[in-house]
Amino acid sequence: MRSRLPVVLVLPAVVGLAFLLVPLVGLLVEAPWGTLPAQLLSAEVGQALRLSLVCASLATLVCLVLGVPLAWLLARGDLPGRGVLRALVTVPLVLPPVVGGVALLLVLGRRGLAGQYLDQWFGISLPFTTTGVVLAEAFVAMPFLVISVEGALRAADPRYEEAAATLGASRWLTFRRVTLPGVMPGVVAGTVLCWARALGEFGATITFAGNFPGETTTMPLAVYLALETDPDAAIVLSIVLLLVSVGVLAGLRDRWIRA
Amino acid sequence: MTLQAELRVHRDGFTLELDLVVEQGEVVALLGPNGAGKTTALRALAGLLPGSRVTADGSSWDGLPTEKRPVGVVFQDYLLFATMSVLDNVAFGLRARGARKAEADAAALRWLTRVGLAEFAKARPRTLSGGQAQRVALARALATSPELLLLDEPLAALDASTRLRLRSELGRHLRDYPGHTLLITHDPLDAMVLADRLVIVENGRVVQQGTPREVVRQPRTDYVAHLVGLNFYRGVADGTEVRLDGGGTLTVAEPARGPVHVVFAPSAVSLFTERPAGSPRNTWRAVVAGVEQHAHTTRVDLDGSPAVFADVTTATVAELRLRPGDPLWVSLKATEIHTYAR
Amino acid sequence: GSPAATGPTKITVFAAASLTEAFTTLGERFEAANPRIEVVFSFAGSSALARQINQGAPADVFASAAPANMEQVTGTGAVTAAPVTFARNTLQIAVPKGNPAGITGIGDFGRAGLKIALCAEQVPCGAAAAEVFEAAGVTAAPDTVEQDVKAVLAKVSLGEVDAALVYRTDVRSGKDVEGLDFAEAAQAVNDYPIAPLAKASDAATAQAFVDHVLSPEGREVLTAAGFAAP
Amino acid sequence: MRSRLPVVLVLPAVVGLAFLLVPLVGLLVEAPWGTLPAQLLSAEVGQALRLSLVCASLATLVCLVLGVPLAWLLARGDLPGRGVLRALVTVPLVLPPVVGGVALLLVLGRRGLAGQYLDQWFGISLPFTTTGVVLAEAFVAMPFLVISVEGALRAADPRYEEAAATLGASRWLTFRRVTLPGVMPGVVAGTVLCWARALGEFGATITFAGNFPGETTTMPLAVYLALETDPDAAIVLSIVLLLVSVGVLAGLRDRWIRA
Amino acid sequence: MTLQAELRVHRDGFTLELDLVVEQGEVVALLGPNGAGKTTALRALAGLLPGSRVTADGSSWDGLPTEKRPVGVVFQDYLLFATMSVLDNVAFGLRARGARKAEADAAALRWLTRVGLAEFAKARPRTLSGGQAQRVALARALATSPELLLLDEPLAALDASTRLRLRSELGRHLRDYPGHTLLITHDPLDAMVLADRLVIVENGRVVQQGTPREVVRQPRTDYVAHLVGLNFYRGVADGTEVRLDGGGTLTVAEPARGPVHVVFAPSAVSLFTERPAGSPRNTWRAVVAGVEQHAHTTRVDLDGSPAVFADVTTATVAELRLRPGDPLWVSLKATEIHTYAR
């Protein structure tokens, strides 16, 4: 039984929404819908879409496993130089993705700082493989997760963690059962950002993992190639990517939130 | 096994310096005005604030982080975990200490039953009323049977009859309890009924301690006198005459000498519209400052020399038609007055 | 596993993105002619591909859109045979469909009031454009100098700019774009070199693919895509 | 006086940190440091850097003004179809930035749905201008802000807003004085993400705003062009961008957080 | 101006159906066990829960959102704004209602002074003790002088003497206060002292209401009897004999007929080790179930037919050496027993 929504908030909100959505409407209007079914049914598109979803999801998983603890460490650990660490974590955000890809090559490439040993000792080569795609996406997307989750952790009331400690819970148990459930909305937000960023990732992927259909050609790479030959197809492909991601997010988030 | 604590907390504007000893099986009630440092002391004991020293039976807790200390805490604002069910909240401590799920749940349910909330086992804490939440917090703290129980106003939100029931339940539990208990409360009755010893803190320091009976009979500060419901003055005795610091003189039955505290019960005070003749040795004029109707008596607040509280029967009130501003005569038998050295 | 690890009948070709259409067709034909060989392409910008090859990418053949990028690879000794030019590309004036600004020739690029897009001088089509302007004695006044041809082309097809200089092959693949030839285009021809790579898992097959590209059949496909013969 | 940090959390956190930072070390090791001073002092780099900082900051401002109310609306407003709206807001994340730029052109370009009227009626043309850069960056970066802030709002306890209402505060006042200060850490996280993303934005910018030195050439554009001819210079430019952004973030965030 | 409310809230497992009338200037105390629906009723009045109807002086509040209702609320868990200073918290309501900053701050400081916290004006709520926070919450609600004051256990966290002082301060304020006040409390003394009328809710419904005196004299449920501290039974009277529903018979002074409630004070009960001879008409055997030391008396809990609470002096306890399990004789004068129709 709250009052009507205030104009000072609703007006900018609606403008913001329009700003985000009208360009999409533009795309939808201009798209050559006739070719959509053909595109959707084409084997390459299916392959690229599947690869995109799998890689983005795996990358998100990697980010969750590594990034949530990292966020916790930054928010709660008593580290020296936390401020700088926090700023450093944002770096892959600012790095042009292609340069990020170059950086990954410099480290994990066959001749890279670490990559040469991976190759020599274990025969593992990461670039130009599906694993490479996952790594490139994770590298670019992880800061989104880390920073959102860290923000959520900072806003959370630490006294509940103290209460858990008085009940004999180790930091790990406290984290798992008290802290994490408490910041779930923040983790969900971070995961959405991370997944979406991974799904749209192009520059680092094509640089580090190359562009091999069926193996490293994700949807954004397919869009890039389509732009070379058939710009309309590129738009249709983008729309396919959008629809799928909106579908997945609309479906998943409400389930997560409710849970 | 004796628990000894030297609690030292410094904040700007507030310093806690509190030495506490709690014997095995003993229940110590910590009382004091708002902001005296009771909750701060509790947090220091639990290891949530640095800088204090605690030893239990000779072994020091100083290096121990909170989760390694065998404590159980009821926090003043409960701090129930909103994302778990009530049952999981209570079972949490047992699980954290290694119990299997089935065991922990069964024990938690037993505790919920003891606090009368078994039917809320599956509810979320947010959907509980204030008093229900407090009972869950109590069950959660008790469930782990800690060596040191820290209870911060654990009954404050309970309704009168639940409080009565839970107080005697808690009393029974604590009587057989081998650990140490520190109970923070504002209710003298809770302290009286549950505690073996009262420690009264004001401004971060102990001002009085002793058994409930000692404290009730010989309060040493205004706060304690208020707490136990006595009229309280400081004065200088010379034989059976006590000259009060705040003005006025009282005649007492037992002679004394030097600085004393003077106490008497509000129910010992009689009120008259005319100067009474007869035995009471103390009679003085006063003006009604306020009248409060209690359940079975009426409390009258009187300005005079000295100012005094009087508890009178409802019949007396009706007869005297008391109103603020009315002048009255106060009378008090010398034998009702108790003095003791400052 | 990586493409190189799956067997000797598979070759990996790193090719400039502008070759996507032509090389895809060529690859299919090559596979048809050699049923036991599978051709895998990785299309991307030539400079990115050169960098990847130098970082040890599992490529058997490199087809670059510019000699400079090929030189980055030959410079490190990654190439077995000398690179061969297999195709050429020349510039065309691209205008939105219907040529609303009435562009007639290269001279219009100096006209005030027109919106002009060019490639940046750091990329081949920008370098070529600079040569063309110098030859024509025109001082171009671009509103934007883009990092790749497709970005330029997108602006033409959306009518954001009135004219642009892009490659002939790009105009063919563009949507709602018309191409105007001009004489000075001949002054700046862009060569596409191809070479098998030293680390090729199967040098013979790699060479066979290069030969296929250079064959008359290969030339036919390239011509159909708008490329000129070397 | 908490216990030692648990290995289960610290180990992945450290791996995560290494994963984010080692590639940067790779860049730093490979960078031709000798050319750094020359690059730093070059007029073009200075210009691009200034432009980047200005545009990213303006874009962030736009995002804050429009995005925070939008986040509030999504988190608190009782809208029908909120789930879908929320998913739609993430769309610019997934859209390949180049396609995002095309979408902006379709709407705000000279012949665009809205742009044609801007041009005809007001003589305003957005593409190829610095304003265009700001818009492109804001379009790409806003979802980061919206989603982080929305996550923070969902985690916040709504009873404080109820308390404000009982004190007679309108929704707007409540938002300004109670809700927003309460989710400040989330807003800061979102702002950092937004600013960093805007600073690193490339695809949509070049597509919508083009590339003209001094007007629309931001650092990422300069980096891309450098990559074509002189990869070493590109790395140095990226490092310059990194250092500046780390400096700004390390400086600002701690001040914000403390405040 | 009369405030009328029909409060209706339905949750699974709990239904509130409460009709309330509060006259202008009247203070109504809402009492009831934990989970009875008191807080829920308060939230419904404030407009935080839908579905209830409130009219003040004929004009309906139903369409009004919370912020348009002239209410002031002290929440059970305070809900102070953590990001504002204490002063800003108190000034917030005035600012929201349009006061200028200087004015609002001055008024807020006056209120902080009244609750004794002026020195904490610049502090953050997180750094306050529980009782200090509650006083800030009280100041914040009172500062806006709302038409309807809703106080949810506003004194529960206060120490004894602050409580005394603040209760009389609040009492003075409410006496001259033109608005309506609804006070939720578990403390019968608070209710007695502050309220003009008590409304007792159990399980979402009113079970009794009346002036404090009426309620104290004629409790109608076990909860109310506990609250006012009386022994309470249901029985059927036949002349001066009342057969109690739970077993046992009592002889009373005033004859009655039919179903009655029976009450008497614990202090009216006498205890003997041997069967007493003499006037009391009611004498029966009982067994000590529990003993609780209160400040000036001792409460003995006795099993028998009927079971009974007795308040005896400390001297008696010493003499009888009471321990759980001891058999005793209970005696009670017929004139101390009060009956009234059910």
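Here the chain labels run A, B, C, D and E in written order, and each chain numbers its own residues starting at 1.
Definition applied: a contact is a pair of C-beta atoms (placed from the backbone, for glycine too) under 8 Å apart; a residue touches a chain by one contact, two chains touch by 3 or more.
These are the chains along with the protein names UniProt gives them: A, D = Molybdenum transport system permease; B, E = Molybdate transport system ATP-binding protein.
Computed from a predicted structure; not experimentally measured.
Taken together, chain A and chain E share the touching chains B, D.
Chain centre most remote from that of chain B: C (centre = mean of CA atoms). Chain B and chain C have centres, each the mean of its CA atoms, that are 87 Å apart. Centroids of chain D and chain E (each the mean of its C-alpha atoms) stand 56 Å apart.
If each chain is reduced to the centroid of its CA atoms, chain C and chain D end up 34 Å from each other. Each of residues 48, 51, 154 in chain C touches at least two other chains.
Multi-chain contact residues of chain E (touching two or more other chains) are listed as 47-48, 65-68. Within chain D, residues 2-3, 98, 102, 106, 112, 165, 170-171, 182, 184, 224, 227, 231 each touch two or more of the remaining chains. Residues of chain B that touch chain A in their complex: 46-48, 65-69, 71-73, 75, 79, 81-84, 92-93, 96-97, 140, 144, 150. On the side of chain C, the complex with chain D involves touching residues 45, 47-48, 51, 68, 115, 117, 120, 122-123, 142-147, 151, 154-155, 158-160.
Against chain E, the residues of chain B that register as touching in their complex are 11, 31-36, 38-39, 76-77, 127-132, 135, 152-153, 156-164, 168, 171, 186-189, 192-193, 212-213, 216, 222-223, 226-229, 265, 290, 292-296, 301, 314. Of all residues in chain D, those touching chain A in their complex are 2-3, 5-6, 8-13, 15-17, 19-27, 29-30, 65-67, 69-70, 72-73, 77, 83-100, 102-104, 106-108, 112-114, 138-139, 142-144, 146-148, 150-152, 154-156, 165, 170-172, 175, 182-190, 192-193, 196-197, 199-200, 202-203, 220, 223-224, 227, 231, 234-235, 238, 241-242, 245-247, 249-250, 253-254, 257. Every residue of chain A that touches chain B in the complex is listed here, in rising order: 159-160, 162-171, 173-174, 177-178, 181-182, 184.
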